[in-house]
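Paired with subunit B in one complex and with subunit C in the other, subunit A is shared by the two complexes that follow.
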Partner chain A sequence: MPIVKKAPAASRDQDERELQRDCASLVLQLADGDPTTRRWAAKDLVGCPDVSAALIGRLRQERDPSVREIILTALTQRADAQAVAALVECLRSEDVSLRNEAIEAMKTLPDEVAPIMGGLLGDADPDVRIFAVNVLESLRHELVEQWLKEVIERDPHVNVCATAVDLLGEVGTSYSREALEKLKERFPDEPYIRFAADIALKRICSN
Partner chain B sequence: MAEITIGKEDFLKFREFFYRKTGIQFDDAKRYFVDRRLAERIEATDSRSFRNYFMLLRFEASGEELQTLTNLMTVNETYFFREEYQFKCLVNSILPEITTQKKDSRPIRIWSMPSSSGEEPYSIAMYLLEYWPGIEKWDVEIISSDIDTKILGQARRGLYSPRSVQHLPKNLLAKYFKAAGDGFQVSEELREAVEFTRVNLMNQADVRAYREFDVIFCRNLLIYFDDLSRRQAADTFYDALHPGGFLCLGHSESMSRISSLYKARKFADSVVYQKPKEAR
Partner chain C sequence: MKRVLIVDDAATVRMYYRLILEEAGYLVVEAVNGVEAMEKSLRESFDLYIVDINMPKQDGYGFLRELRGRDELRQAPALMVSTEAADHDRKRAYAAGANLYLVKPVKPQELLVNCRLLLGEVRP
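Right, the complex of A and B next:
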C-alpha cells in the first residue's frame, strides 16, 4: 500500500533546532534576518520574564505578517501593562491589518482593557474612539453598555456614535433607551443614526 | 414555570451575535431548532428571560455558557465520509495542485486532528486509495492526533457501529471492513496505514515535531476554542504546513475570522485555506 506509516517523532527529533533557546538569546533572535527564526523566538519568549518591551520593539519594525501575528499573540498571552500599552499604540498605526489584529487581541483582555477604556473613548482622535468601540464589540465586561451609552450621549462625532449605536442594537437594554431617543435628536440630519437607533429601540422594547 | 418564548427580534439579535462568535449561521428555517435550545438553556441557567440569558452569554467572563450553548447548537457526531465534499476537494483539487508543484519525491503528509474515534483519518485513507489516481505514484503519510488517549485507543482498534458507516458505499464497506459483534471493524491494512498520536494542540512542546505537512484537516474543533486559543491553533498549523500547504476546516468555520496569514482558496468542491507559497 502506498500509504506509509511514519510518526512525527520518528521523522524529526523532538527539538532539533540549533539556536539557543534561553531568554537572552531569544531576544537577540528577534532581530534575526530570517523570519522563521524571529517567529520561533517570539513564540518561545512567552515564558520569559520582562520581555514585553523587546517584543514591542520588534513589533514596531516588523514587516513580516506571520512574525507580527505571533508577537501579538505573545503580547496577548502576557497581558501585562506594557503589552496592553503596545496594543493601544497599534490602534494609532496607519497599517490596517496591524490595527485590526490589535483590536482582535484587545477584545480578549477585558480585565486589562477595562481600566483604560475610558481614556480610549475620550481620545482626541475619532478613529481611535471608533476602534475602542470595535473592541467593545466582543469584550466580556459588565460595563460595555454603560460605555456605549456614554458614547452616544457625549461623543460629537457621528461615525463614533454610529458604531456605538450599532452595537447597542445587540447589547442595549432599557438602561440605554433614553440615550437612544436623544441621539436621534442630536443628529437629526443623519438618516443612518435614526435607522440604527430605531432598530436598537425596537429590540429593547421587544424584551 | 411559565413557558419561555423567544421573540423574532430576540432571534435576530441572537443570530447575529452567535454568528460573530462562532461563524455558525442559522437561517429562518432553523428558528424552531434555535428557539428550543435557547429556551432549554434559559431554564437550565435560571435566567427567566431571553434578555437575562443573552446578557449572561454576552458578558460572562469565563465564556462557559457560550461554550455549553455552542455544544448544544452543533451536531457533535462523527461518521465515515462526514462532509465528504472536502475529501472530494482533496483528491480533485488539492492533491493535484500539490503534486504538480512538488519539487521532491518525499511522501505527501496529511495531518488529521482531532482524530476522535478515527472515522476521519480512515475516510481520508479510503478516499485516497479509491478516488485518487496519484496514489499509484506518490507515497502518503497520514498522521492523526487527539488529546484524549482513550479515544486514540478506540481509533486504533477501529470498531464502529452500523450508524458510523451508514454513509459509506456498500462496496467500500465490504472492501475495508469486516463484521465484528454488532458492528464493523476497519481492516488491518487500513489500521496499519494511519499513525495515531497524542497531541495537545495548545502545548508547544507537543506540536513542535509536527512539521512539513502538505494538508491539515482540523474540522469542527476550533469552534470549541476561545479566541486566543484559536489564534494559537492557527499559528501552530501555519508552522506545521509547508509553504503552499492547505488547511481544511469544518463547514461552519472560517480562518479569515481568526488569522490573516492564510489565503482562502475556492475550489469546485470546497473553500479551504492555504499557507502562502512565498511564506517560509
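Right, the complex of A and C next:
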C-alpha cells in the first residue's frame, strides 16, 4: 500500500489568508477568536464599502495591538467621515496606547482632520484639547500655527496652552510673537509657561 | 552625583527639568519615550526616573510596568508627571509602579522637593 504523504497544513503563524474574502465574511471574521484572521479581515476590508462602522466596533473591543494597528491603518486609508469620527472618539479613551495610536493616525490625515480641528480645540474636555494639539505636532497643514496661536490666546487651561507653546517652539514664526508675550502675562505664576514661551520666542527671533 | 532619567516626548519639558535638576547638582539623561528609556536603563543605572504618561511608542504606564518587571530595576524610584489630574490617573500611575505623582505644570521647587524625597535626601 503506497504511503500517501499529506501536505502540511499552512501554519497560522505564517499569516496567510485561508478564509472567504467577500465583504460580509470579512466583517464576520473581525470577531474571530484568532488574531491572525482578524488582522487579515481588517486589512482586506479597506476595499469594501460601508465598513467603517464594523471596523470601529471591533477597534473598541480589540485588545491585540497588532490587530488594532491594522484597524487604525484601515480607518486611515478609508478616511471617510465615519472613520475620522472613530479616531476622534479614540481621543476620549482611557486606553493610553489606543489614544496615542489615534493621534498618530490623525496626523496623517490633514485634509480630513482640518475641518474638525476647530471643534476639537474647543472641546469641553481639556484632555481632548491637549490631544488635539498633539495631533497638530506633525500635521502638514497651513493653519497649524494659526490654530496654536488661537489656543495660547484663548484657552483657559494652563496645560493646553503649555502643550501648544511647546509646539510653537518648533513651528512658530513672528506671527505668534505677540501671543507668546501675552501668554506669559496670562499665567504670571507659572514658571513653566514663562520658560516655554521664552524658548519659543528665542527660536523665533533666531530664525 | 545622583543620576536622573527624564522620560518625556516634549523637548521643552525635558529642557525645563534638566535646567532645574542640573542647577541642583544632579546628572541628567533624557529619553523621548518608554522604549528609549528602557534601552538606556538596561545600559546604565539611574537613581531616579521622572516619567510622563502620554508618549508615542510606549507610554509611561507601559514603561513603569516593564521597569518594575525587571529584578535589577524594580527598586529605582519613579516620579510620574502628567497633565492628567483625575484620581483614576493617579491610581493607575501608582498601580503601574510610580512612587509619586505630580500634575503638570510643575514648579521648580515642587519638582526638587519630590525628587529629593524619592532619593532619600529629605524626610517626608
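Odds and ends about this structure:
Rule of thumb we're sticking to: the second predicted complex is superposed on the first by the 189 of 207 C-alpha atoms of A that agree within 3 Å, B and C clash if a C-alpha of one lies under 4 Å from a C-alpha of the other, contacts with A are read in each partner's own complex, and residues count from 1 in each chain.
Assume contacts are C-beta pairs under 8 Å (C-beta built on N, C-alpha and C of every residue); 3 or more make two chains touch, one makes a residue touch a chain.
A quick note: this is a predicted structure, and the numbers were derived from the prediction, not measured.
In the superposed model, A:127 lies in contact with subunit C only, and not with subunit B.
Of the two partner chains placed by the overlay, neither subunit B nor subunit C lies in contact with A:63. In the overlay built on the shared chain, the residue A:140 is in contact with subunit B alone; subunit C does not reach it.
Judged by the touch definition given at the top, the superposed model places A:36 against subunit B, while subunit C stays out of reach.
Of the two partner chains placed by the overlay, subunit B and subunit C both lie in contact with A:97. In the superposed model, A:169 makes contact with both subunit B and subunit C. The partner that reaches more residues of subunit A, of the two candidates subunit B and subunit C, is B. 97, 100, 104, 169-170 are the residues of subunit A that lie in the contact sets of both subunit B and subunit C, per the superposition on chain A.
Those residues of subunit C whose C-beta lies close enough to touch subunit A in the complex are 10-13, 15-16, 19, 53-56, 59-62, 83-84, 88, 104-108. Within the complex formed with subunit C, the residues of subunit A that make contact are 94, 96-97, 99-100, 103-104, 126-127, 130-131, 134, 158-159, 162-163, 165-166, 169-170, 190-193, 195-196, 199-200. Contacts from subunit B toward subunit A in the complex involve residues 7-10, 12-13, 16-17, 20-21, 49-51, 55, 58-61, 63, 107, 125, 128-129, 135-136, 138-143, 189, 192-195, 197, 204-205, 208-212, 226-228, 231-232, 235, 238-239, 259-261, 279-280. Subunit A contributes residues 1-9, 11-15, 34-36, 39-40, 43-44, 65-66, 69-70, 73, 76-77, 97, 100-101, 104, 107-108, 110-111, 137-138, 140-142, 144, 169-171, 173, 202-203, 206-207 to its touches with subunit B in the complex.
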